[in-house]
């Protein structure tokens, strides 16, 4: 049984929105923001896979594989930075990092 | 003829420029001689031109400038009017130059003085000789400029400089009206040649002729110190006395009359214009005479009398009696120059005291001056058989003979003025020359004044016997009348001999009455009473007259003050406040908007993300709305 | 002369190249100064030589012409051309630059080489405007000349120099950008109509512009040119820039830079958009007359000499605007002649004021007085140029003003009448200035030195030109006759 | 992969090899040598790209040496080389040691070179993200300054979200069309709304890259925090890459009318906000950030016309903007001593005390303001020309007015440089590499400004087959 593309997209959209909401709302913790971003990317991958299924081409799947690699490198980079920042400021709250503005 | 005319102009120009550029480095005698020689050189040219004169002649010397259809040649025009004026100007100015050599003997800045005098002669001659109006305008402005600097010759005194400035600006107002007339004439005819314009007046509708005439009248009013622009002339007496004699009595101030006479064929056809000229002239004549009654400064008396006498000339022009006006112009030039130069002698003798109430007894100290001055005063007063009598009377006669209600009313005004004139002339004579030598300490040596006094004599003779230039009809008719008559374009009604005699009788009686009144009031013992009175605060009427009917105060309140105040308002409120301030405020506003927009960048990542997401949401919302 | 020799390019870039060389001499101010003067003189000589040996003007009025491809992508060409009007203004530019350098030889003590280099660079910018016949090229020079001027004011100025420099720059820059839009629109319309995309003036004049569009385009042109002109009320930058600029900069600003706007109006705006120009004529009349009266009136209130002359410049430029707006042969001749006259006279007045300020470091006219006797030569020239500025007949300004007024009166008597009022007001502030400085009791305690020989000679050359143009303006009028006849189709 | 494919992708190969070489040589060689290798490789790649004639057929899946690549790769290579030369001295002063820096720059360059060669969305996206990754690292590279790390964090967080959004957009486009290939992005009936949504996500994602309002907020912080040479590279190549990304998507896709208004609004807001907010900035780097927001607004203006002229203008403007900003940031970095010289007031009098660098900064400012005869003028001219020609006259006029206002804040810098007395701390003398880079960039500004024809020809050929 095939799931209609629109259903997939609606799910992906909800997922994406939730991820985005998480990223925006949970500003007190960078880690949580990163998780939100992950969720958003998962929504992207879901969409790609759904599209793949709809059109019967592997392109979307390849894209999502690539995205996984991208995600992991991004997270590693981000975590490295979190560690570094935490060491400097003993905080992972993004609101503490507002020395530049205006 | 070209040579004579161009030389007549060029010699004083050259003299003036030379004196201006290197005069300071020349020996004094050389500079002075140069200046005098220049003017007398001009005079010689004028005489030669007169001898060679056969009939009106137009001479193109060179091209001034030409832009498309606006061609302005440097063309000169010699006709009886300009010829007689040239002769008079060169002669009177020549005498005054000589006089100045002695009068200004103590002045260190002689080069500037003589340079300006020479330049003035040049400008005046080009005004008179000009065949096209722009050249006339050049002379017109040139004399104004020289007058400006000469009035303020003793520039370190603020009053003198102020007076020069006042004269320059006031006359400029009239000049501008003249320039409007020029522009208009060019628009109408495409030419500014006086001879051509004078021949084309009939092509114009009456309204335009009137307007043009009024504009020229405005020009003449400024230059000739007529109502309402007469305020500058009394103040102009701040200049050295020879300057007053030359510019503010004999020559420049009569330029307005000359202009109107010159353009009469064009503008004379409008009765509105001629009436306006006559009214202005009549009122000014009366105004000047009335003010002269109360003046205490010798030169101001003369200044107001000049205003008044030019009023007569205007009356003459207004009555269409160009010949009479010119006649009076010439004679007036002689006797008024005489009076001023006489006054100069007096003032020198009195150590620059100009208050007539502080003079006296000069009859004995300065006999030559006295007799010459008396001759001048007689002319001014219009005592019978003097030049002034004949010239003034020919104007009054023409006025009477014109026969309209207006001119006859003006005739009576003129008669009244004549009475006043006689009165103030002899008031002056009595106060200055009679009585005791109240303030005679420290008089100059006779020898200082003597050379100056000698200059008075030819002028006195000319003034007294100037009448022969244009004797009334019953004495065989005049030379000027036949000389100028055919050209002036106006044909005043000829008076019969009886009428003429009757009118002259009236005038003579009034003049004598005036002198008699002056004698009663200022002669003999009465003089001392007047001296006592003069120490008191003047009565309101006297003060009114003394201050020239308070015109100065009126203009100050109505024009000058508001102009000054508004200029400050325009600068500080409009320019700095609105234009600059507006721009600055706008810039400030833009800058503040920018800073305010910059505050969006709070530094919080969440805000950044939120804005980003909100922007995305809006974008998607729009796309969704579109695809619906 | 080899007809292929790019003489116009040489004329145009000689000052710039010379200026760059001058800048390289920064270690040696005296040499730099001297070299700069040489360059200026060479430029003047070249201009004079071109003027005297110019071959007869062709049917287009241009006697020198150069045309090279430049940016083909947009059909932009490097087109230079010189006709009578350009020649007159080129000569004026070269002359005023030399005057400015000579008279303020020692005014600047620091970074002398750069100063002279920038002066020369400004000259190239201005010449570029006078010589360009391609609208893009014109615009390039139009903007580029702001840069050296900006530096001149900002580095060597006085008073609120930074404010003034930035204000000057922004005013002109903001005004000009809309003109760029107009130029592009015109270019596109022309391209769409004819298929040939070109910025050449000779081609763009044939564009058929719809009436309303034309109005917008002309408005953009007018805004840009009106700022630099300046037309009231766009003159806000002028008093500050003129006052705070170093004296030589002021002379260049007032003497020649302001003329670029008038020139552009004559050369570009009117021929390109004749209908719109006609429609806008009343606006220009009003601006011009208000400028004449307002400038004179505000000038009267000034006691800072430089500011007074600055406002007087606003007033005088009004006459030029008036003559252009009238667009009749006589008035236009007057306007062009007045451009030269104003360059000479107002340039000279700024020179005089600058000299006084240089000697006493005081520009307050009320602090002076009685200079007539103290420094007679200076006083003589001061009076002379003031009288020229007041339009005394026989001196240069009179001829220009007269032609403008007479020419304008023919087509628009009302506007001319307003301008006549300005003649009176001009005299009012002029004699006030003269009186403040020359007359009255000598109150300036600082001892003033009279003019040096160099200064006298330079001023005398200005004065001689003033008299010459007043007495015999025929050479200039003859030069500009053909182009003006072509422009006005007379 | 044939020999000719290898030749045509030679620039990519050179850069790729160089990046590895730099990383490997790092432990053995002095960092100067490493930098020189990197710069030389970048220049060689650029030269190679310019010399090789483009092909349109895809030799490798997702990669082809297109005319566009032939134009963009040299630009990117030159930018990278110049920025390497400029950063060397800066890094020494700021104790940014080791080969990581040049290696990251070359990695970044590799990604940049891949981007225009991409023929499908996957490669395109990966290249763009790889560029971003390099910059995440580079921005946070200066351990000495807290701002650097803060900027890195902010950039990373917002960038990751933007990447996710872009990716989601691309995914939706894929879902709507069924293909990742560029140039075939047409949706069958019924999928239009998916495609439209995809475009929406892509646009807002790229708006972040181009820092268009409202996705611009990171820009000032990142520019301020990043080391000056990095900010220079970031502001130029990353922006240009983003623009190229959008251009490739838009140029290959059939015109989409519904995108006009969003782009219009983005352009309008960016031009407005960027120019206004920069007016009173006291920090030069933040000011340049706002200026870059505005400049990207101009770029979007050209882009949204959807005409060939507009795309040409984007390419030209991108290149010119690259040169100008590199010169500006180069001068800043060269003038910075141990700390950043960032407050505008710190530049007082430097025009005379450091003539070369002050002059370059001034030229860059004048060029950014768009004053002839600089390259900036030609760029602006082309942008507004194409906008007017494309019918966007209102927006063009608005943009021009904002551009006019912008002259104010650029002039403020010039005023500081030349019209204020010299400040307290003078800069260290300029190294040869820096002088070379600065002279090159400022010469380019002037030469392009006076004679832009060669560059215009290149731009034309870049779009000749697309």
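By letter and in written order, the chains are A, B, C and D; residue numbering begins at 1 in each of them.
We take it that contacts are C-beta pairs under 8 Å (C-beta built on N, C-alpha and C of every residue); 3 or more make two chains touch, one makes a residue touch a chain.
For reference, the UniProt names are A = NADH-quinone oxidoreductase subunit K; B = NADH-quinone oxidoreductase subunit L; C = NADH dehydrogenase subunit M; D = NADH-quinone oxidoreductase subunit N.
None of the values given here were measured: they were computed from a predicted structure.
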Seminar exercise, completed: In contact with subunit A and subunit D alike are the chains B
For this session: Determine the chain that sits nearest the middle of the structure, using the mean of its CA atoms as its centre.
Result: C
Exercise. Which pair wins on C-beta contacts, A-B or C-D?
Worked result: C-D
Problem set entry | subunit A and subunit B, separation of their C-alpha mean positions in angstrom | 96
Exercise. With chain centres defined as C-alpha means, what is the inter-centre distance between subunit C and subunit D in Å?
Worked result: 42
For this session: Can you check how far apart subunit B and subunit C are, centre to centre, with Cα atoms defining each centre and the answer in Å?
Result: 37
Problem set entry | Whole-Å gap between the CA centroids of subunit A and subunit C | 64
Seminar exercise, completed: Residue ranges of subunit C touching at least 2 other chains are none
Exercise. Can you list the residues of subunit D that touch 2 or more other chains?
Worked result: 153-154, 157, 161, 165, 220-221, 281, 405, 408
Exercise. What residues in subunit A touch two or more of the other chains?
Worked result: 20, 23, 33, 94, 97, 99-102
Exercise. Got a list of which chains touch which?
Worked result: A-B, A-D, B-C, B-D, C-D
Problem set entry | Complex contact set, residues of subunit A against subunit D | 5, 9, 12, 16, 19-20, 23, 30, 33-34, 37, 40-41, 43-45, 47-48, 50-51, 54-55, 57, 59-60, 62-63, 66-67, 70, 73-74, 77-78, 81-82, 84-85, 88-89, 94, 97, 99-102
Exercise. Which subunit B residues qualify as touching subunit A in the complex?
Worked result: 598-599, 601-606, 609-610, 613
Problem set entry | Contact footprint of subunit A on subunit D as seen in their complex | 120-122, 125-126, 129, 133, 136-137, 140, 146-147, 149-154, 156-157, 160-161, 163-165, 167-168, 170-172, 174-176, 178-180, 194, 220-221, 224-225, 281, 286
Problem set entry | In the complex, subunit D residues that touch subunit B | 153-154, 157-158, 161-162, 165, 192-193, 196-197, 199-201, 203-204, 207-208, 213-215, 217-218, 220-221, 258, 261-262, 273, 275-281, 290, 405, 408
For this session: Under the touch definition given earlier, write down the residues of subunit B that touch subunit C in their complex.
Result: 20, 24, 63-70, 109, 134, 137-138, 141-142, 145, 148-149, 152, 155-156, 158, 160-162, 164-165, 168-169, 172-173, 176, 179-180, 182-184, 186-187, 563-564, 566-568, 570-572, 574-575, 579-580, 583
